[in-house]
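Here come two complexes built around chain A, the first alongside chain B, the second alongside chain C.
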Partner chain A sequence: MQQRRIFGGTRRFFFGAMLAAFALVSIGPAVQAEDDPIRIGFGMALTGALAGAGKAALISIEIWRDDINAAGGLLGRPVELVFYDDQTNPAKVPGIYTKLINIDRVDLIVSGYGSATITPAIPIAMNYDMVFMSLFGLASNEEFGYDRYFQILPAGPEPRIEWSRGFFEVAMRADPKPTTVALVGADAEFPRNALIGARANAEAAGLEIVYDETYPPTTVDFSPVIRKIQSVNPDVVYVASYPPDSAGIVRSVTELGLEAKLFGGGMVGVQFASLMEALGPQLNGIVNYDFWVPEPTLNFPGINAFLEKYQAIAEDAGVDPLGYYLPPFAYANMQILAEAVEATGGLDQDQIADYIRSNEFETVVGDVSFGANGEWAKSRMLMVQYQGIEDQSLEQFTEAGTRVVLYPEDWQSGKLIAPYSDAK
Partner chain B sequence: MLGGFYASVALGLTLVFGLLNIVNIAHPAFVVLGSFLVYAANAQWGVDPIAMGVILTPLFFLLGMATYSVYHASFEKRDNESLRGLAFFFGLMFIIEVGLILQYGVDYRLVNAPYIGKVINLGSVTLPLRMLVPFCVALVMALGIFLFLSRTYLGRAIRAVAQDQLALQLVAADPVRIKRIAFGIAIATACVAGALLIVINPVEPAAGRVYIGRIFAIVVLGGMGSVRGTVAAAIVLGIVESVTSTIYSPSWAPAVAFGFLLFALAVRPAGLLRR
Partner chain C sequence: MSHRTFFFVVLGLVLVSLGLTKAIENEYYFFAGYVILQYIVLATAWNILGGFTGYVNFGSAGFFAAGAYTTVAVVKWVDLPLLALIPLSGIVCGLIGLATGYLTLRLRGVYFAIATLALAIVLETIIANWEHVGGAAGAFVIRPKEVMFFDSYVEFLFWTMSLLAAIAVFAARYIQHSRFGRGLAAIRDDEGVAESMGVPTLKLKLMSTTISGALMGLAGAPFVYYVTYIDPPSAFNLEYAVNAVAMPMIGGPTSWLGPVIGAVLLGGAQQIATVTISSELNLLIVGIMLVVFVIVAPDGIVGLVRRLFSKDPRA
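Entry: the complex of A and B
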């Protein structure tokens, strides 16, 4: 008896559900354009080597989604994100984007984080003529030359050269002018590219290269490298390194007392909260690249509101608690796409690409316009100097003056302290 | 200086791989696990990293014993230890890495201690305490293990297990129990090595992989199970790397170090110091 009643209940439920479904289908098309969400798809590194940055990027994109939905959505429709974990594995990426476009039928796509997972997605975007917003792909579009690819890293049209241009410009401002330079970097993709650019810039500045070596990425002790550099006594030391090496090099340089006019350049990692906190005063005097720092010259509309929301989430999520390096750019990437969609009044990929190509956008990372290869039309790689860092608190890095901008002049917020040993 | 740290990691492996013939490829992962626990204590309560490493050794000893029990029950007893055992330790390595990622995220972690960033000057040579302190701790630990293996009853039993398991059974000793203890000790040394690692360099969950090749090379070079040999091999490898970096070029350091390994094995196939 009991059994039957349940069964009967289920049957009635099914019947009702079917009726409801029919009703929905019959009125569906009329409602769709109004209420159906606009779906934006991407793969993101949520596990694997780049997961730290990937998670931070996801948080930023989610903040953007909440912001735009609170403001009434895109084209009056709510925005929905469809994303998959690419496990920082380039081989997973083509499958993810094919599925997003063919099966999930997303309306727009954006990239995951980093060159490794961006490059394999470009052919898929090209195949379907989709606009592809790229988040920190270093020269990823070089081989493809895809005209609907737009990249938010502010390295400009010649990333390799621009990466260190500011460093050498700043170096040549020092008095007396430096004459020699040492170049050192890890034996890996990014540092090698950075060193190629640094060599060109050093030669253009008329500096004599007295040391030019790479070290294996597995290096543990950097004392021998620093000692060798000290023995040739260069005026300027340019370093292109990944986070663990950056920490090792900064410590060795402090311990062994490097005498140089300028030290730093292309060290990845010293922008991250974890290393800044751990290295503290040892960072003083270093001149290094950055994308955004809390200086008054870079106080763009909306950036503080965004960072406040991000920082409230970041601590618990176990990602960079400050979020100056990548998150604002992940947010700006979405702002640009949204503005283009609103301005063209639809989801026509052709029109959106045209619009992004030919307009300037006001974003949380400043005004952005794109050049022919989809990179920023003009580089805005910052060179900042770490100054007046007293202890190992994270707080001090949220205030202006700990990382003053020296280059480009338009954004300059302080003066170079040289030589390096004086700034320490 | 670097050799001391290498020795501290290789020491545990020399016990396990050299004496017990277990290819514990997860050993560096245990080292990184130690680093993270030390980091957590340091960040939370400001405990000295190396002291914390020593405090944690009993915990790691138990962890090692448990690991060996699982390994023994599932592989060694059924006599298919070589390849599947390797897969087991590979799996273990991934589990430790992913566990650390879930708990701490993928960021690099560092510790604070009074001796980090300071140097002492011996004539014209500047020695960073960040390298010197781990070097001394590693030597003390190596000496401890050496004395344990040569002077105590249990230590001699461990060496006996390596030579002839059957003979040990004949004198009514339980080889499995002895092996379990040896494995526990090896993992306990990994914990101290982890503390040393995070004093020297920042650590992230997958940092252990970098060292797998080097550490196995040191154990082989040292003569498979000889504590003195392992320490000598680690120091020699560290010196060869440093000297090559200084005099020639850092990119050649691993090549020269491993070239030296090949040369040494060609001349002395049994390793530097035979056990």
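Entry: the complex of A and C
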């Protein structure tokens, strides 16, 4: 290639380029009038790693919008959603939320799905003193301590501990009492946090930790991991895993036949319709955390009506057809915000925050009240056991009794079958 | 234009950006502008090695993230102001660049490109297992509440990035017109011939990887203050590697101006796409533009304009 002289008009291009830059970023400020709709803004993962859950959350929020508009709107004004795809990319989030607030002039903001994209929005909400409803941010507010942040995942003020508290409570109820525990999880964000909590709970319960290791998140074959656990013969096995590994571990355990009193704990994914369908009877006996299951003790007002609407849309939209895990909470988040707006009679962020902080809300996921750090005042992490699953049909999971609630006692709907091998 | 005049032009633009932080109320423009400026730095940095020297680096995201994580590592240890952290990121990434140079410059063409890609993966694995910077779980960095002279921290970030862009562009232009730059061009055109003509190719290549790496580190340094939360997948995002290559290719890789034009065009288009098309599809824009330019204008916009305006029919 030949080295050429720089073209003479370089300067003109430089200024042209700068002008173009300013032209590009100054597109379209919106105008707003008094009786316009109330606009609620958010970024949501509609593409990228968390798109499946993000789309389900969006559907739930849209159902809420349609419900409230059918009932006459919010403060008598219709509700409009303004949302952008954050591509599951935290770096997109600050731009999206400043655009929502400064250019789209939304009246209220809520979060997208997942800690990674919730956290970058918190400083923006703080900067504009806006109430920020958060959908499944795990300890996102811990460092910010923002007093207008409210989080709907029912893990309570100490999510790490609460995530596995129920599991160990249930384990210690077994007869004879277990004495040893194995802890295993993926070397990734959530499993690491969950294992920290599990360690604390195991020690508090007086269990001896005989195995405590992580595996790389890319692991496909889990039989070496399970064999190693079998070699130390623990009474209880606590697993913290992401969906692909959860499936792999359950399959390995079924093939190799684990002899433990209790198995499960913090496996993400076995609550999703896709995995429940794929694993079917292999799930029997597993004790695992959950947020909501169709048990009679959790039949909250409005939940069935919501799920009916959701399930009608879900299949065509290609998202989780049952929608027990995340969607009701996305809906409940909006219910809380709406109730606070109605009760304070306006859009004053200060009053709305005060109201949410100091009141209990009746939602489709039960009664919710928030504690000091914006988490649920009291944890309601469920421990459920998969029981009596006969085949791989999805319908059986819509019936009560396939995932019985063992903990907390207030919501208990069945009895533990132990040891694990008996329930298989 | 002499370097002196150009220096004052660039300085003038930095002052203009400072004025903008006072003149414009709407913060969104600073968030969007920050990203575009960040890409000017990243694309210019890539171009020093990729465009000037002809060594294609697919590991830009690794350098960018190393810059960002240097900030995190230092802040978690001692609380320094951002303006002190940026040079540190530059030094660390310059050293990584130098090391990469030593390890890989025996490799040419596609093998060098593969090695840089591998470097990014190695760095990501190290970061994901380093507890001090949050490991796989990610780390929070809280923005200072107030910053001197500016009304908000975002305005400060915008101005800081415009300063870094000015430094990068000035450096690139200086290099292009220097003896060093002509040496790099000789390596790009034919490394064997250059060596036999007395160009100290190893030394120049090492200088090139070091400067390129250091500038990428500068681009990454303020990132964590922009998002406030950093985890390996977002810092090592493919988007940075793709854009760092695509922007100079579209703008014109043989001139310092190319990456600037490419970054403004592509970066601007992506910012608009994020809030209009609003989907990951906006990376498709990059892909399509890259294919179009590689076929229609292999020397980018700068090359295309040069060809249209050149009196020399051969060019």
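The rule is simple: the second predicted complex is superposed on the first by the 389 of 424 C-alpha atoms of A that agree within 3 Å, B and C clash if a C-alpha of one lies under 4 Å from a C-alpha of the other, contacts with A are read in each partner's own complex, and residues count from 1 in each chain.
FYI, a residue touches a chain if its C-beta (ideal position, glycine included) is under 8 Å from a C-beta of that chain, and two chains touch if they have at least 3 such contacts.
Everything numeric in this text was worked out from a predicted model, so none of it was measured.
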| item | value |
| --- | --- |
| Which of chain B and chain C A:Pro94 touches, first, second, both or neither | second |
| Partner chain in contact with A:Ile122 - chain B first, chain C second, else both or neither | second |
| Which of chain B and chain C A:Asn102 touches, first, second, both or neither | second |
| Touched partner set for A:Asp85, first chain B, second chain C, both or neither | second |
| Contacts of A:Ser60 with chain B and chain C, given as first, second, both or neither | neither |
| Touched partner set for A:Asp187, first chain B, second chain C, both or neither | both |
| Touching partner for A:Glu143 - first (chain B), second (chain C), both, neither | second |
| Contacts of A:Gln387 with chain B and chain C, given as first, second, both or neither | neither |
| Which of chain B and chain C A:Leu275 touches, first, second, both or neither | first |
| Residues of chain A touched, compared between chain B and chain C (which is higher) | C |
| Where chain A meets both chain C and chain B, residue numbers | 47, 49, 187, 217 |
| Touching residues on chain A, where the partner in the complex is chain C | 1-4, 6-7, 9-11, 13-14, 17-18, 20-21, 24-27, 29, 46-49, 83-85, 87, 89-96, 98-99, 102-103, 116, 119-120, 122-123, 127, 142-144, 187-189, 192-193, 217 |
| Of all residues in chain C, those that touch chain A in their complex | 1, 9, 13, 26-29, 31-33, 35-36, 128-129, 135-138, 140, 142-143, 152, 154, 176-177, 182, 185, 188-189, 223, 226-231, 233-234, 237, 239, 254-255, 257, 260-261, 264-265, 268-269, 271-272, 274-275, 278-281, 302, 305-306, 309-310, 315 |
| Complex contact set, residues of chain B against chain A | 1-2, 5, 98, 101, 104-112, 116-119, 126, 128, 130-131, 200-202, 204, 206-207, 210-211, 214, 238, 241-243, 245-247, 249-251, 253-254 |
| Touching residues on chain A, where the partner in the complex is chain B | 47, 49-52, 55, 187, 213-221, 223-225, 227-228, 243-244, 247-248, 251-252, 254-257, 269, 272, 274-275, 278-279, 282, 318-320, 392 |
